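Should a chain be cited, it is by its letter among A, B, C, D and E, assigned in written order, with residues numbered from 1 in that chain.
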Amino acid sequence: GCGAPTKSTPAPASSGDLPLKPASAVTLNILDVAGNLQLTQGMIDDFVAAHADTISKVTYSKATAPELAPKVKAQQNAGRVDIDLVLTGVDGLAAGVDQGLWQPLLPAYASRLPGMKDYLPGAAAMQKLAGDFGVTVTYYPSGPLIEYLPGKVANPPKSAQELLDFAKANPNTVQYARPANSGPGRTFLMGLPYLLGDKDPKDPINGWEKTWAYLTELNKYVEFYPSSTSETMKSLANGSAKIIATTTGWDINPRVLGQVPKEAKIGSLNGFHWVTDAHYAVVPKGVSADKQSAILLLLQEMLTPKQQAKAYDKGYFYPGPAVKDVPLSMAPADSQKAITDFGRTEYDALISGNPLEVPLDAKALVAAFDKWDREVGGAKVKK
Amino acid sequence: MAAVTETRAAWTHRLAERGIDRQLLLLGPALLFVVTLFIYPFFYGIGLSFQPEQGGPFEAYRSFFADAYERGTLTTTLWLSLPVALLNVGASVPIAYRMRGRFRGKRLLTTVLVVPITLGTVLTAQGLLNFLGPTGWFNRTLMALHVIDEPVRLTHNYWGVFFSLVITGFPFAFLLVLSYLSGIDPTLEKAAATLGAGWAQRFRRITLPLLAPGLATTFCLTFVLAFSVFPSAVLVGDPAGETRVISIAAWHAGYEQYDYPKASAIAVVMGLVELVVIAAVLGWRSLLYTGSTGGKG
Amino acid sequence: MKRPGALVVWGVVAFFFINLAGLVLSVVVSSFGTQWFDTWLPSGFTGQWYGEAWRDFGLLPVLITTLEVSALVVGISVLVGVPASYVLARRSFPGRRVLYLLFLLPILMPPITYGIPLATVLYKYGFAGHLTGVVLANLVPSVPFVILTMTPFIEQIDPAIERAARMCGAGTRQVFVRILAPLLVPGMLAASILVLVRTVGMFELTFLTAGPDSTTLVVALYNSMSAAGIRAQQAVDAMAVIYTGTMLVLLVLALRLVNPTQLVARVKEEDPA
Amino acid sequence: MTKFQQLRLEGVTRRFGGQDALVDLDLTIERGEFIALLGPSGCGKSTALNCLAGLLPLTAGRIWQDDTRLDTLLPEKRGFGMVFQNYALFPHLTVWKNIAFGLQMRRLPGAEIRRRTDEAIALVHLEEQARKLPGQLSGGQQQRVAIARAVVLEPSLVLMDEPLSNLDAKLRLEMRTEIRRLHQALGLTTVYVTHDQEEALSMADRLVVLRGGRVQQVGTPEQLHTQPANRHVADFMGFRNLLPMKVVTVGVSTVVEGGGLTLQGSPVGDVHPGDEVVAGVRPESLRIAEDGFPATVEVVEYQGREVAVEVVTDAGRRLHVRTADRPAPGDKVRLAVDPAALLIFPAGGAD
Amino acid sequence: MTKFQQLRLEGVTRRFGGQDALVDLDLTIERGEFIALLGPSGCGKSTALNCLAGLLPLTAGRIWQDDTRLDTLLPEKRGFGMVFQNYALFPHLTVWKNIAFGLQMRRLPGAEIRRRTDEAIALVHLEEQARKLPGQLSGGQQQRVAIARAVVLEPSLVLMDEPLSNLDAKLRLEMRTEIRRLHQALGLTTVYVTHDQEEALSMADRLVVLRGGRVQQVGTPEQLHTQPANRHVADFMGFRNLLPMKVVTVGVSTVVEGGGLTLQGSPVGDVHPGDEVVAGVRPESLRIAEDGFPATVEVVEYQGREVAVEVVTDAGRRLHVRTADRPAPGDKVRLAVDPAALLIFPAGGAD
């Protein structure tokens, strides 16, 4: 049978023991739906260079998370899976779990991935979220944070209420992107219940009364919600927005890239909890045993501190490494330079000084998006 | 033997009278494509829309129509696509009409008019955001000229999507209209001129009716294009509000909620609405003259 | 021969184009800019974004695939679509309307309804995952598109001319090649350009059926635009410029070869005075 | 392309949405014959040609070429040539290419195509226009291209639909001669539609007169000219004066009277004393003669050697006369008619 | 729509890409005149009409309507009517609507439009076809629509480009009469292109003969018929026999000789003994007479009352003769020609 993804279709799961090493070198097709390659491509290329007998060649392709499931599903239905490894965020992972697309790697092969034992606490929490299917490869605490140009905002708000007051006083200058299209947008959304002390921060429909009230009130002073984070960055840079929502990565990387003036500053709201984020490696069902074994070897290597240090990148997923004891000094030189120039000393204190929370699961998140779209984003149109 | 050929001849003759003969084989390859590559997947999709996870076979449709927020996407989309299609076709006609005949620089002008077709959604979106944005050249110029004091907001709302659809849709319509127009015998207009018809009357009474079949097709195609707008509604529009078009709803259902039956149902609704509009247009067209648009010789 | 209408028309056209030029230019300028905040021009210029885009997406093979796919799709859909539209335009036979509707559907239905099952079918028979699959999938909306646009063109041609050709002993194939095709050139060109644009811009079907080595430019572009990750605006602009540049080259080539407005049948127009 | 011996039309009928354009046409065309179709505008001449060519499907009837049935064959398989009434030139091909087209379809060697095309172009005097497109030609030039395009193929049957209508007198005469010459030299069979009696009479071996889609008469030019089968054919063959009268006596010479005139003539078909009849006489058969009946000249039209005169008899009958004399309007003249030149048709006519 | 007194063409010239289609046409058309343009195919007749109608811009020259300059005016402002050689009927309008179109453009009241349209339809006998589209009409029917469409407007100037070429003889005669009648009744001014000399001679007040875009002669029908200005006009006016000869004596009667013949004729223009000349005689002016020169009959064509005969003189000259006698091919005949009927033109011709 073939067709659109349905939950029941079983795909051939190559269970049983995998060889330790592929019989002969394999080629891997890697699909990245999370922008993860920016952090890990170097690790993978290193591995391939060093272990040509295991992986002879890698092809990379990129897509957006929602497109992942249909594509994998179509291939699995037809019995020809040509995606061997997927690098994804929470959303893509969950979509695949929901559809039964992934090959469970854990706990069967946990022993082959010793690096998993050294996860940072936040990364470990994120790994729990992934269940048996994904292997966390990079991790960061994310946000919510606010960003502003010191020249335009002398007294940045220090709490959620102050942010609202600021928006009131300066209408149309506070911006966050539509959560469904933006990491900082959704982090801001998921972070609010903690800031406002909502009943159940994990239940957007029944537990977020204060959050929704707050967003509705804020909405009055927000001109519009861009559909990408880059847009908010642009607004900040050209002065049409004064305060925008951001995360650690979105703070550092755009400044490195010159999207946002270097002098931009971040601020945090009193009592915020980090809503963490991570990228996972998953293997679709139907991938041959040889390839799976090669992937396990690759992941094993990727979780070593030496490789993890590459995740510092240019601050895109700051800090980035998922495992302990990976100081910046281990990172490549250009990465170190970028972080030294554009990084912030206050991050260490903020990360250690605020609680870490895992994000909403996929279902709850979609529900939150939907509610946000209807009640906040869509409220601008008079129907 | 003779009798056999005779009956065969009679048989083909009878079929030919009903308009069936070997020429219809020319339809073959196209049919093959559509049947093998489209029909099955299409019915699969339709079938899927009647198999929601819970509820009866019409649950997916019911939930779409019961929810004002979802249902509203229909009007939103029509409110965007109908004016755009009308404007695109409507603007192409006078421009193309001016460009009949030969004149120097015609090829250049045509090329320039058709060039926006190459822009693609992304460049158009980026350009609109850059150019019409609050600090874009457009607002800068207007402010420099003191036409306005505050930047006007032309992106992330209805107008952003509208402009983007005009930019991508206009050359499309123009190219078709111009080509259709070139197929009309210019002598007919001359004849009308000698009968005292001024250019407006010539246009309305002669050119327009002869152009109508082409216009109908052009309108349908531009309309369909605008109706299924997706990327620009997200990129330069306000995807949660003003420009939450129906494809966003379908996308949302399919690729965010993973509710494929509902996504299919929305897509089917989309197709049906388009079909209604097109049927209206083609029905109107079939009332008009269709045939060759040349005179004698 | 100046009429007031003409002035208005050209005025509007000119306004449209000035803005359009500004729009395009703003992207081009931005793609060469280092930093561009609240100013008329970027603070500096660089070509680095193109280099980055080129490297990040391995654009050379992507461009080649794009060209191959679009040439194949355009060629096949014209070859298959024109004869079919001929029959639909010229002949009346039982079931003609049903067929017309059938050909209309693939254009009407968003790929979301049939994309996944289509990709499944193509994967099942081993077509998807490489060029063939991408081409086949793109033909699904393209063939009907050609049929739809060509029908009015064919109706415009005087059937007596075809009859004359038959009397000269030309069979159906020759009537097509020698008589109809040249007369339909403007139509076929218009249809081809539009199919080309649609194919190069067709994201969903291409993505669903493309393999790792058969992605086209638009897939790369969309990913640069909307895939997760932080990318410099300028890099996206650069990608968009590359995309547009490619299309522009194709379009100008096409227009050089044939002038869509000059229907050879109509040489009665005045020659330039 | 094989030469046939005979072409038989059996009950060929063509209807357009309930309206008859051609009814029950039976005709046998022998190889090498030159047949002219004549008849008033809209009588079905072009329809008949189109049916023969296979361009219009028959509503009923059959066409046989010797023993093969022709009406189910595609036009391009019949190997006929046709000059269309509205030319139907290929607008995108030059004159030369228009004419060469058929030869190219036959895949003849290039040299032969060139030779024959050039010959055909010379035949219709279009050497100077050979590189022009049809849209750049005058009406008559276009028509000549159409003729050349059809005859260059030397087809077994040529169908010509008013091929000379847009040519001037001189060229028309010349083309007539050329067409006849080709017809004879190449042993073609020709079916020729014309509205010009003189053309039909001078060129054809046999004439077919149609009216309202129905055959009125088939015969040699002479038969038609001298013995039209009914008053419609007579009307069409130039018997411009058709006078309703009554038969007085039948005998060696039949006498009819009416409208103040009593005339003698030759009956066509059965007439009996007392019958209502129509007496037909050509303008050129009316003589100005002393012993004739009186009439007054009303209109005189100059026509070169002769003048066309319209006269009114004393009883108010209007008659057309053609004469080399030059009467002036208002003149009183006396007119006579030779009994052999006055034909008497039953009034009902054989519709 | 105002009636004018005079229409003046001054040096009207039209070139198509370097090729002259009409050169330096000077012509004054008085109100109420009926002018016929004649000339061989491709001589520029349609071009002249199109220039007058404003459908083709002039390459040079001017057109004046009384004191207003016309050639800069848009066609729709000139208020002329035109019958196109290729009809140019509106394919999407029925016969009725095609004819009513011009009236509707004038915003006449509905009742009047209906009345006048119906009248025009009756005039051309198309009552039964009124609801058909042009594509469903026969060639002659289409042509009649074109005529009706132009005359229904009763324009101050009617331009007709071979309006009767596709009609049968009977209808053509009738239409001719109608056109003349309308011309006179409505006081129209008419410019009429035809390839049919007889038509031109019988209808027009003045004829303009063109050749290769240049005027050859302007005059009354009679002048043209009897005194063609040069051998080209003669050729065109039916002097089918044009014999290159040499002048022997000039005097009361000019004697020419050549090709074994010695003939007497009337010179047109200056000729001197010894000049190379062309002697022209119509086929109908050659008589079979005992005292004539001998010739052998080659071809005999039946043409109704008369036959067209091609003879060859003993010296091999080919001559066309029209006679009521019926010689048979191979017969020896003797031919004579009246000196008044033999015109002698200088050989150079006045091109």
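We take it that a residue touches a chain if its C-beta (ideal position, glycine included) is under 8 Å from a C-beta of that chain, and two chains touch if they have at least 3 such contacts.
Predicted model only: the values in this text are computed from it and were never measured.
*Asks:* Using C-alpha centroids, which chain lies at the maximum separation from subunit E?
*Replies:* Checked the centroid distances; the maximum from subunit E is A.
*Asks:* Per the definition at the top, count C-beta pairs in contact and tell me whether A-C or B-C has more.
*Replies:* Ranking A-C and B-C by C-beta contacts puts B-C first.
*Asks:* Cα centroid separation between subunit B and subunit C, in whole Å?
*Replies:* Centre-to-centre distance between subunit B and subunit C: 14 Å.
*Asks:* In whole angstrom, how far does the Cα centroid of subunit B sit from the Cα centroid of subunit D?
*Replies:* 53
*Asks:* Just give me the whole-number Å value for how far the CA centre of subunit C lies from that of subunit D.
*Replies:* 55
*Asks:* Which parts of subunit D, given as residue numbers and ranges, touch two or more other chains?
*Replies:* 86, 88-89, 136, 139
*Asks:* Which subunit A residues touch at least two other chains?
*Replies:* 3-5, 67, 70, 181, 228, 234, 238-239
*Asks:* Could you list which residues of subunit B touch at least two other chains?
*Replies:* In subunit B, residues 44-45, 135, 185, 187, 235, 251, 254, 260, 264, 291-294, 296-297 touch at least two other chains, as defined above.
*Asks:* Using the touch rule from the top, collect the residues of subunit C that touch subunit B in their complex.
*Replies:* Against subunit B, the touching part of subunit C is residues 3, 5-6, 9-10, 12-13, 17, 19-20, 22-24, 26-27, 30, 37-38, 40, 79-81, 83-84, 86-88, 91-94, 99, 102-110, 112-118, 120-121, 136-137, 139-140, 143-145, 147-149, 151-153, 155-159, 172, 186-187, 189-190, 193-194, 197, 200-201, 203, 218, 221-222, 225, 233, 236-237, 239-241, 243-244, 247-248, 250-252, 255, 259-263, 265-266, 268-272.
*Asks:* Inside the complex, what are the residues of subunit E that reach subunit B?
*Replies:* 53-55, 74-76, 78-82, 84, 86-93, 101-102, 105-106, 133, 135, 142, 149-150, 153, 159
*Asks:* Would you tell me which residues of subunit D are touching subunit E in their complex?
*Replies:* 16, 38-42, 45-47, 85-86, 129, 136-141, 143-144, 161-162, 165-173, 195-198, 201-203, 221-222, 225, 235-236, 238, 240, 282, 284, 301-305, 308
*Asks:* Which of the residues in subunit C end up touching subunit A in this complex?
*Replies:* 34-35, 37-38, 115-117, 119-124, 126, 128-129, 207-208, 211-213, 215, 219-220, 222-223, 226-233, 236
*Asks:* Which residues of subunit B touch subunit C in the complex?
*Replies:* 18-20, 23-24, 26-27, 29-31, 33-34, 37-38, 40-42, 44-46, 49, 91, 94-95, 98-104, 106-107, 110-124, 126-128, 130-132, 135-138, 140, 167, 172, 175-176, 178-180, 182-187, 199-200, 213-214, 216-217, 220-221, 224, 228, 231, 235, 247, 250-251, 254, 260, 263-264, 267-268, 270-271, 274-275, 278, 290-294
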